[in-house]
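Below: a set of structures, written as structure tokens.
One chain, chain A, appears in both complexes that follow, with chain B as partner in the first and chain C in the second.
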Partner chain A sequence: MLGHELLDEWSHLRSPLHRTDARVKLPCALVLVVAIVMVPVSSNWLLMPFAALIFALAVASGLPGRWILKRLLVIVPFLAISGLLVALLPQAEASAVHHAGGVGGRQLVRHALAVWLSVGGKCVLTLVAATLLTGTSSSADLVRAAQALRMPHTLTALTGLAMTYLGVLSDEVARMITASRSRGRVSGLRRRAGVLCSVVVTAIVRGFERAERVALAMVSRGYDGRIPDLTREPVPHAQIAGGVCFVICTCALYWAGVGL
Partner chain B sequence: MSTRNPEGSQTTVAEQFERARELTVGGLAIALGVLVPIVFHAIGGGRAGSTFLPMYLPVLACGMLVSPGIAAAVGLITPALSSALTGMPPVLPVLPLMVVELAALGALASLLHRRLKLHVIPATAVALLGERVVMGIAVALAVGLLPADLLEALPPPMRQPLPYVIGATVTALPGLALQLVVVPVIVAAVERTSLLQGRGS
Partner chain C sequence: MSLLRVDDLHFRYPDGTAALTGVTFSLDHGDSLGLVGRNGAGKSTLLLHLNGILHGTGAVRVHDQPVEQWPAGELRATVGLVFEDPADQLFMPTVLDDVCFGPLNAGLSADEARRRALEVLHSVGAADLADRAPHHLSAGQMRRVALAGVLAMEPELLVIDEPVMALDPEGRESVIELLRDLPQAKIIATHDLELVLEVCNRVAILDGGRIQAQGPARDLLADDTLLRNHGLRVPASLRFV
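Moving on, here comes the complex of A and B:
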């Protein structure tokens, strides 16, 4: 599941990307993701230089390739289903166009393939970019970076609490599953689904109870409507300059590619 | 007893507790919104998401328990955080739509149950209906506003808002039924054990 050790599994490494402040990495990653998403279908080739850039960043990050590929596995069913649709559906349409005396059948298949490559490529690249960001920074650093970048206080507070709860809830669910298994094996799909539902609902209800206890503890410790911001040292000028260069290069690459 | 908050206005301890409770409940709902879909995907495969709408479950339940602003924020953050941490929902074309839908769902649920004091079952049904309307408006806006080059990247069914919403609703019927059954159970259980008994309906 998504415990703290998994969220921050590789944030302790000492690569150049890890050493870069999260306040620099976060806006850079956002600009990169927006640039990738904005690439038009007609300029699909532009995804290649972005892929090369992300590959270079992945190598520089020192994150294990297997770990990055494992994070990408989740997108495989989505790509496979949409690929299958591209392979089957447009050909039927294309052959209908062909039999009706039209000449656009092959173009239709080519266009569907281009759309699939565009959507699939963008999904993979943005996911790798997000994986690099979350893999090279601790979750606490990312929340603090969002706070420093003047994101609304409510959003950063909620995200910070959610990150904390992810670990707590994962442990809780794991404990409940272990307890359920130790009571004996449940056979039959329906009974297993029932056990799963009861585990999920119990985890949700216990979680909400825990949330109220945490709120009470927060107020008892002097919570005044604002999550305290720990004092941070300023971002080194070299890192700011590097970040600005990265943003300019990304925008230039996009505009150059789209303009061609 | 009252204290001064960072904005300079006076707040009572009860108000501070309510504010803290909303934040912790919202944070918990976001975490559940990331974890519950993982469980569903692990058991039901890739299509379980669009069929059972597991991310809607905690957002909807949270909407019934917190103010509209926090509920909308929860709906906004949950799909974005899940996409960044687990890759689901994919950034294109689902994530922007889900952000709008879930923010509207949370805000509507909160308005109906906490402000208008509607019972949790009709509130759930109306919020889900409203969310489908918002989905249609969001798709229509996307189709109307996106430049032609980017519009091409949308899957063909998404380019026609009404058929898309009808198709998505038919696919998600088991999920919508699940929300109608499970959300009232969760909300009733939480309100029964809440430290603030008597709030909500």
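Moving on, here comes the complex of A and C:
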């Protein structure tokens, strides 16, 4: 059950963010992410108040800091490679400046650094925002929220199925790896890679077969291309008001910063 | 008028494998038919024909009407199919959503579907699982929920593929009790002949894509020669009588 536990690892907590309906959190998170992404490079300082806002939300969520930081590891390679390119820029720029008569070299480096800080900061903040959303809501609630917010049926259906079966497939891969290990240690990198490839290929083939069986099971219960939406109780008015306040504050922060 | 009548049904998979070669049998209201046979005998393939998912040559009639002439939704509400692996059937985010899936597709309102789903979950002893994610459940719980998902469509005929596979003795026993108490007509495809003895009044032996023998469960399952000829063995409870 490895994969399933990872999906809803912290959704059982009872922080204010956890108690907020996913139908409120999802649009708020979208607005926050869009506002952060739209911050121009010239207003990089605006990322600081957004960072403070997200930090406050992270504290309020009660999610372990280490767990959030682990989720950020995924962008480290991207930041490292792009940072390396920025670091190497002075050498490239020196030769270009030499040929171009020495005009604009330093500004180019400064601009590249600003762009790197902007993109890197936005990546970190949006990733933390997404982590807070997924860490404080169950996958089921998020799919239902997407349905309730009238997102395209195909998208929500695929997301729901992916969330449901991701765990099943990852469990299957884990079992296959355990089974291969139980039959002796494979020596040599090439052989190990070969075993891993065959496990992955088998998992893909089984995934297709399972998809066929799931489709049959859906058809046998009257599926007609549309996942029916089981409407739940309405969102409490106080939460809607809170969500609207959050969106207004986020937009106000953005416009105040960009307008300055 | 039979609830279900299958006449000379043939089916060949696209790769040329003949899965069914002239299957004929019928089922009345209140009947429970155990469909037994060795691996690859064609049991699961036959079940997929009964609610119109696969179409072979020959005739499958429900209430004397060929399945091809049934509106798909009505046919699938009349003939409920429970799959071998419950994980394949539990695709919605929560148990309640999953059990509501069929009734909502059948056009029930959300309130009515929820009411019916909760009733059925209660009847299969899974009411406390309503808000759980299906894939967090144990194998026995998954079986119950998968069954509930089909029962919520209020089928007249339940078609169940390997209902107790991979269950521990306690889970197996509780599923058998549940099946025994269900009033619907049933077709149960299984290798578990003890289950057939406990739940079914009739049995059909499928081998090589054809029904080789059918009759009262106790008579057929006591016939050692017949069973051995088709890769089966007399169940322990009859062997030592």
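The rule is short, and it goes like this: the second predicted complex is superposed on the first by the 246 of 260 C-alpha atoms of A that agree within 3 Å, B and C clash if a C-alpha of one lies under 4 Å from a C-alpha of the other, contacts with A are read in each partner's own complex, and residues count from 1 in each chain.
Simple rule for what comes next: a residue touches a chain if its C-beta (ideal position, glycine included) is under 8 Å from a C-beta of that chain, and two chains touch if they have at least 3 such contacts.
The model shown is predicted, which means the values in this text are computed figures rather than measured ones.
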item	value
Touched partner set for A:G207, first chain B, second chain C, both or neither	first
Contacts of A:F55 with chain B and chain C, given as first, second, both or neither	neither
Partner chain in contact with A:T164 - chain B first, chain C second, else both or neither	both
Which superposed partner A:W67 touches (first chain B, second chain C, both, neither)	neither
Broader residue contact with chain A after superposition on the shared chain, chain B or chain C	B
Which superposed partner A:L155 touches (first chain B, second chain C, both, neither)	first
First, second, both or neither for A:W255, with chain B first and chain C second	neither
Partner chain(s) touched by A:V143 [first = chain B, second = chain C, both, neither]	second
First, second, both or neither for A:R221, with chain B first and chain C second	second
Set intersection of chain A contacts, chain C complex versus chain B complex	1, 160-161, 163-165, 168, 210, 214, 216, 218-219, 223-224
Residues of chain A defined as touching chain B within the complex	1-2, 7, 33, 37-38, 40-43, 71-72, 74-75, 77-78, 81-82, 111, 115, 118-119, 122-123, 126-127, 130-131, 133-134, 152, 154-155, 157-166, 168-170, 173, 196-197, 200-201, 203-205, 207-212, 214-216, 218-219, 223-226
Residues of chain A that touch chain C when the two form their complex	1, 4, 8, 138-141, 143-144, 160-161, 163-165, 167-168, 210, 213-214, 216-224, 227-231
Complex contacts: residues of chain B adjacent to chain A	3-7, 11, 13, 16-17, 19-21, 23-28, 30-32, 34-36, 38-39, 41, 43, 45-47, 57-58, 61, 65, 69-70, 73-74, 76-77, 81, 83-88, 90-93, 147, 149-150, 152-153, 155, 182, 185-186, 189-190, 193-196
Chain A-touching residues of chain C, taken from the complex the two chains share	48, 51, 53, 72-73, 76-77, 80-81, 83, 85, 87-94, 96-97, 100-102, 104-106, 110, 113-114, 133-136, 149-150, 153
